[in-house]
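One chain, chain A, links the two complexes that follow: it is found with chain B in the first and with chain C in the second.
On to the complex of A and B.
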């Protein structure tokens, strides 16, 4: 790997996005022998999967695969990576693109050893975006345990420029006057691996997200269960830190709904089944209710579903949740109609998890870069323009499918740069 | 290379405060006889320049006592012709000091890490990449359906020569029999005309592709960059057919006449065929066959008008389909809500497609889709929705309890628990069962490798016969280097998924060829140019290495002497760990190196409190977990010395014996989870290590040592919160047991 310290070369592949899909596309192309640039808007690589506690169905930690990928990256001189960097404009055509990029200031240079003295000295705090705001970091912070590159960053909105971190740093790593940097790369093809955001839960007004601490999203559940999360892996209700005695999952929170996301987000059924295993490990007896339309656990996921459905304390109800009501005891009541029996059901739970779907990040940026998009905001790969999409920028998909199609995108990009 | 050494100790990041640097430096220059310099910030520009100046003056082997080797790797990279050895003084010493750490304990810990690093520097050599005499860059694609056609075309478009083999007379595979195909692009709502003819045409007109129809692969011998493939006419037998694996027990029985030799008339697997064609890598895209559903007797599968989805497609392609058709997705009745086996989500899509034939062919056509879970992931939901808007397509969740044939050949379907909230009885002209797509690898080796470990893929039981990867992050990795699978052999998938999957497999095939050409490993040690070398004079033909290699890299001759295939090798070192004669070694990772590092640990023989433990750690997952524990400043017992290994599979028994005979009080192995959900990047390493340790207990007893002194633990990379305690528990257990009685001998 070569980072921003060295000068870029021309004619390679640009990969936009440093999550599992972008990393895969970049590494697979570079290991064939192509020059690759990978950019990431966050201060760290790893993207969405870095926030996940475990993958389904193996229940293995995503950081295990990330560690290998980071190692591959470090060992490969054909890849150049740029964090805190976004595409500003694209000009030219297939085989000969000029891409203007902007790197936001990290305010911490490559002298940083990640020793942490700065954060100890820093008096200011910020909401920890990595943990979805469920805890705080200092204004100068390390994104997470596996942050790569392993370097601190300053949140300019939280920093008061008091200078305490500068005093604490023995390595002259902090540069308060660091400015944004714009630069241009010449590349032959572009792989867009811009990933997804959880669908904004406040948009489903009937699910009352925000009205009670007992209503969380599935991404929040991942962080609550993760050893590096806000509760050190203990699943507690945000706000009062209560150990929940009962749980409910609301499937298709936004997905398969023409008012929100009309497609199926692919992963939420399996994510919920997986999160029930998190719950079972900590609360062996807690009742869990799942409201669903269809359980989409096809193929080799089917065994996983059956194992969980055999749990006598987990109830599956086919029916859409119509309303969630905050209760005085801090819990909630979920109201739904059972589609098979026609009965109206009310279920009380200490913690309700909204299985929010995935919204492609590219939705908001496709038009300005001349990408072909479908109406949901996914990028349609286009051989004629040498613009390709990978992972969840292409379609709602699980990690296996994302890494597969990212490997495919790597080959398409290589063909275009021949 | 004649080595010129220098060691450097960084005093930054708390190392200088935790350790007496002058004394530590004295250990290196005195005891280890290596020049030693110190610097406040080795990773800074000045620090790096400080080392570079020595390198410019001739130093070529540097020992860096600073942070973890997982960080600042680029800073301490002085070029491919220089050796850099790291001692992890920051994470494993300064940052993991227990609260009550006594200074002398910390100092001894740091000294041991420097001793080990200096020893490693002395024992390692720069590897030289293994080069095949000539690397063949052609790609063989087996199977001429959508997957194979795509893989062939995409590899060709990247500039590679491809041979595409298909056993049928014509290319096209299953798609030739389709009437329409699923939507493959936005808006994802309508069926499309089949594109298979264009796909075939694109491949046959592609100059880089050679097509062999009515042909099968008898055997694939050799290794990436140099596969030797024997073809044969489809459906025939050949003396070059890949022989079945015959294990030692079976061979015994065959010799005694207790079982027939399965390989009668076949050339042995190591025999070279002069007429074989050479290839660099292989894509297996032999697809699937329709599942047999005759066991579901309650659905009257024998009735003339009960057909499978595959049969219905044929009817639809040939002509008009009946007007009233029920599509049954789940055969389990009240017992379970599973789809038919081998369905994935494809059969939900097929039912939606075929329901439209009923509507298209009949003015009053009615299609009933009875499902437990409608599976149309992602954009396929839009296709589902368009079917819901079709007046003649009725979709309901239903528990189908039976299908009865009537006197006139028509059928009655009964179901309960439907969305209509009542028991349902449907009179229809035809019933279509959503039979699954069984991979061709389920009962046949298919890829027909002439390998010592047998002709097929391994672990097929774990994947229901699919030739799939077990890695979520690395979906193309199987246990056969240079052979990549795609399409129906991997899972039941739609055409759109298949095209992506096959394109990805083509990339991996090309990448493997280019890696072989550079003499470097493929995943997960991509780019590694070391490889195992064998000192054959001392080989006792015990066959452990050939048996245990997770990737089948080793063949053997009639006597059992291993025949290495370095381009199949993934450099995990499992062979090195297996060898009782210790004749397998890498230039930069070998028995002597790790053994000497362990022996370099100073064992006080006059202080009962200062016990010593070696912990051999998998560098992929356990080692980062220890680093992360340190970053969180969790104290770790300072009686313990961590020794990173490529994989627990590479741990040779002799290292344990070395450790205990040199007076260490205990040895722990920290590796990845194994079992069905294994996390070992080399598949079998941690499991094999665990088996070997089961056996060492007896050896220890015979030496008069307690078997408790050796322990294996499984940890995940996220277990940073648990590792310190795990280590402490082991230490406490041995402390209770008392010191190693061999100490001081």
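On to the complex of A and C.
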């Protein structure tokens, strides 16, 4: 079994990122006998997938897929997992890397049963990052309902160390003196599965995100529709909790735009079509307008698109939204030119969803670890240095493609670690 | 859509666009962001998205008959927001350049003025014409003495004779510039007429009523001129808003200098014939500095140089920051007006310093640059003053009852 620092036999693999891609790469490598470390900067594994309401095109919840991976991980003694952990520095070369990591304190030890007594006692609140800031949790919180590991965590920025949670905890699980820990691992190869962040919607100044509560992003829509979301799965307009009578989707909000993300983010068209199914479930009659440049539903997704396009209450307009005007009634007016008819259109909607794209997380941190990246910030795998990329750290992709290329990255990491 | 259209792209036209600063046209993927961010675009059939695809398809006949191409003031908002770097503003500029050449009369001259290749010839024509007339009329490059120069200024540039009713200088100046001006005016009219006809034709349908000349002027042309002078549309621009600061003083300077030229013509060539000896000598010399008209002239000259200087700086900045393509079409007019301003003001300053040889040389260059401004007006970017005004008049015509009757229309 692996010890604190290195693997019993030389040639361990470090997987950076515990989302669906990192999990896949780590499990595939471990299940063929490699020793694997997997690190995750959040207090939980599952990454962006955990935040989704449903996958497309089968519309099953993310617990399907994540749970089985967690089970595989629990049962595999070759994998050592670190949450709240980030890479600080990388030195060495292929086959012999020394990676320095830092684990932030969770302040909650493994005695935690997630009973929730601490949160009830806690007087402080914090914006809930998991729900994209649309609601609040206590300063001691459970990341989400299917968090893995199922343990509470304290947000050090929100906590005042009043000690009420310690009194409330029946299991001596809370350790206020827990400190950040820096440690080093020896590994032969590294798989970067650092994933993506939703592109900052405030950067598209003409779409005026922030000027109205009626303008949300597609990831916010996922949380609004999800059972564990801020509205318990009911799609309501943030701010006034109004049931929207009409919806609009703004495709390519930042993607395929050299001023923002010059590439196609691949998932936004399908995400929008999927989100129309969320709307249909709750608002069968609400008119929905989708503004697009091209609708991209590659391969087998074509059928999904056809099904949604048959909905008579969904209007598809070829033309990118270039202006959004906040209205007094809380809704917004979206302005575009319909490139088919050649006339400007103004569509009023109670809720406008910006289909924002994927910005690779590595864009801002890749350079400090000597990763080779393309100009958009996607990591280019390099066999010579035994540095590989998986999932959306490699390219903008859906879950299926991510797990496929993660398996490929695992194979390459195994080969590089022999 | 059941209506099919056979697209026959004109490759030469696309090649021309690429050479004239519209090389980015192919990058456009028709997202239509431009039409929405454009502050000048209308709600019905907005531009420039449709122009971009017509340009990609090489549909030049549609483009040169499209008033929207000329209604564009190249604010740059479309270019700044374009997700593909297709620079619709630059493409429309290139289409305008093409349209001026297309409507230019005579075609040979218009083609010569359409690219940098024609520039040596464009300069050579007035240099030879004015140079030869100067040499012949002045009796072998005669330069005045410092005293004589102080008294008459450039009044004897083309020599002097004793015919009372028409001085030799005025005769030659008129001989050069009146035909050039009339020619340019005629060519502009012909071009504008051809454009109007094409635009009317593109509206389709039969119209029973046509506006009279008076109706045309009062209802369409005059409001367009007023709107131009107020710089109303320019002021709506976002990205290149600064150009108003250059263009407005430039336009006012042109108007001031037009007035000065008119005054000078009347006082020297007409009024002086009917006044006493002393006053005539006064009128025939250079206008004294204290004269308010001279003051206006000097202010005009300085405003001209400053105005075109600002446009120069803006253009350079746009090329550096927005990647706007440097084109002969844009730079010729900037350089040309700058040359007129610098040589004019320079000739005046050197005259006041009393150096006849240098002053004569600058004056010669001044005449050359003004001749170029006049003669090439209908074919270079300067033509926008005619074509854009006519297009703005056409826009009003298109919206008027002549085209869209309030009752029973469409």
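As a working rule, the second predicted complex is superposed on the first by the 407 of 418 C-alpha atoms of A that agree within 3 Å, B and C clash if a C-alpha of one lies under 4 Å from a C-alpha of the other, contacts with A are read in each partner's own complex, and residues count from 1 in each chain.
Note that in this section contacts are C-beta pairs under 8 Å (C-beta built on N, C-alpha and C of every residue); 3 or more make two chains touch, one makes a residue touch a chain.
Remember, predicted model here, so these are calculated numbers, not experimental data.
> Now for A:339: first (chain B), second (chain C), both, or neither, which partner does it touch?
Both partners, chain B and chain C.
> Regarding the shared-chain residue A:259, is it in contact with chain B (first), chain C (second), both, or neither?
After superposition on chain A, A:259 lies in contact with chain C alone.
> Taking the superposition as given, does A:183 touch the first partner, chain B, the second, chain C, both, or neither?
In the superposition, A:183 touches no partner, neither chain B nor chain C.
> Report for A:322: first if it touches chain B alone, second if chain C alone, otherwise both or neither.
Touch status of A:322: second partner only.
> Thinking of the overlay built on chain A, is A:414 touched by chain B (first), by chain C (second), by both, or by neither?
first
> Look at A:296 in the shared chain and tell me whether it touches chain B only, chain C only, both, or neither; answer first, second, both or neither.
first
> On the A-aligned overlay, A:400 touches which partner chain: chain B = first, chain C = second, or both, or neither?
first
> Which partner chains sit in contact with A:206 here, chain B, chain C, both or neither? Use first/second/both/neither.
second
> Specify the partner with more touching residues on chain A, choosing between chain B and chain C.
Comparing touch counts on chain A for chain B and chain C gives B.
> Using the superposition described at the top, list the residues of chain A that contact chain B and also contact chain C.
Correct list for chain A: 256, 294, 318, 339-340, 342.
> Looking at the complex, which residues from chain A come into contact with chain C?
Against chain C, chain A makes touches at 206, 252, 256-260, 293-294, 318-323, 335-340, 342-344.
> Give every residue of chain A touching chain B within the complex, in rising order.
Residues 1-3, 20, 24, 27-29, 31-33, 53, 55, 58-69, 72, 74-76, 111, 113-116, 145-146, 150, 170-171, 226-228, 232-233, 256, 262-266, 294-300, 302, 306, 318, 339-342, 374-376, 378, 380, 395-397, 399-401, 403-408, 410-412, 414-415, 418.
> Looking at the complex, which residues from chain C come into contact with chain A?
Against chain A, the touching part of chain C is residues 1, 29-37, 41-46, 49-50, 81, 83-85.
> Quick check on the complex: what are the chain B residues that touch chain A?
So the residues of chain B touching chain A come out as 12-14, 40-41, 43-44, 67, 71-74, 154, 157-159, 185-188, 336, 338-339, 343-345, 371, 373-382, 385, 397, 417-419, 421, 463-464, 466, 468, 470-476, 491-492, 497, 499-504, 506-508, 510-511, 514-515, 518, 522-524, 526-527, 620-621, 624, 628, 631-632, 672-673, 677, 679, 681, 716-721.
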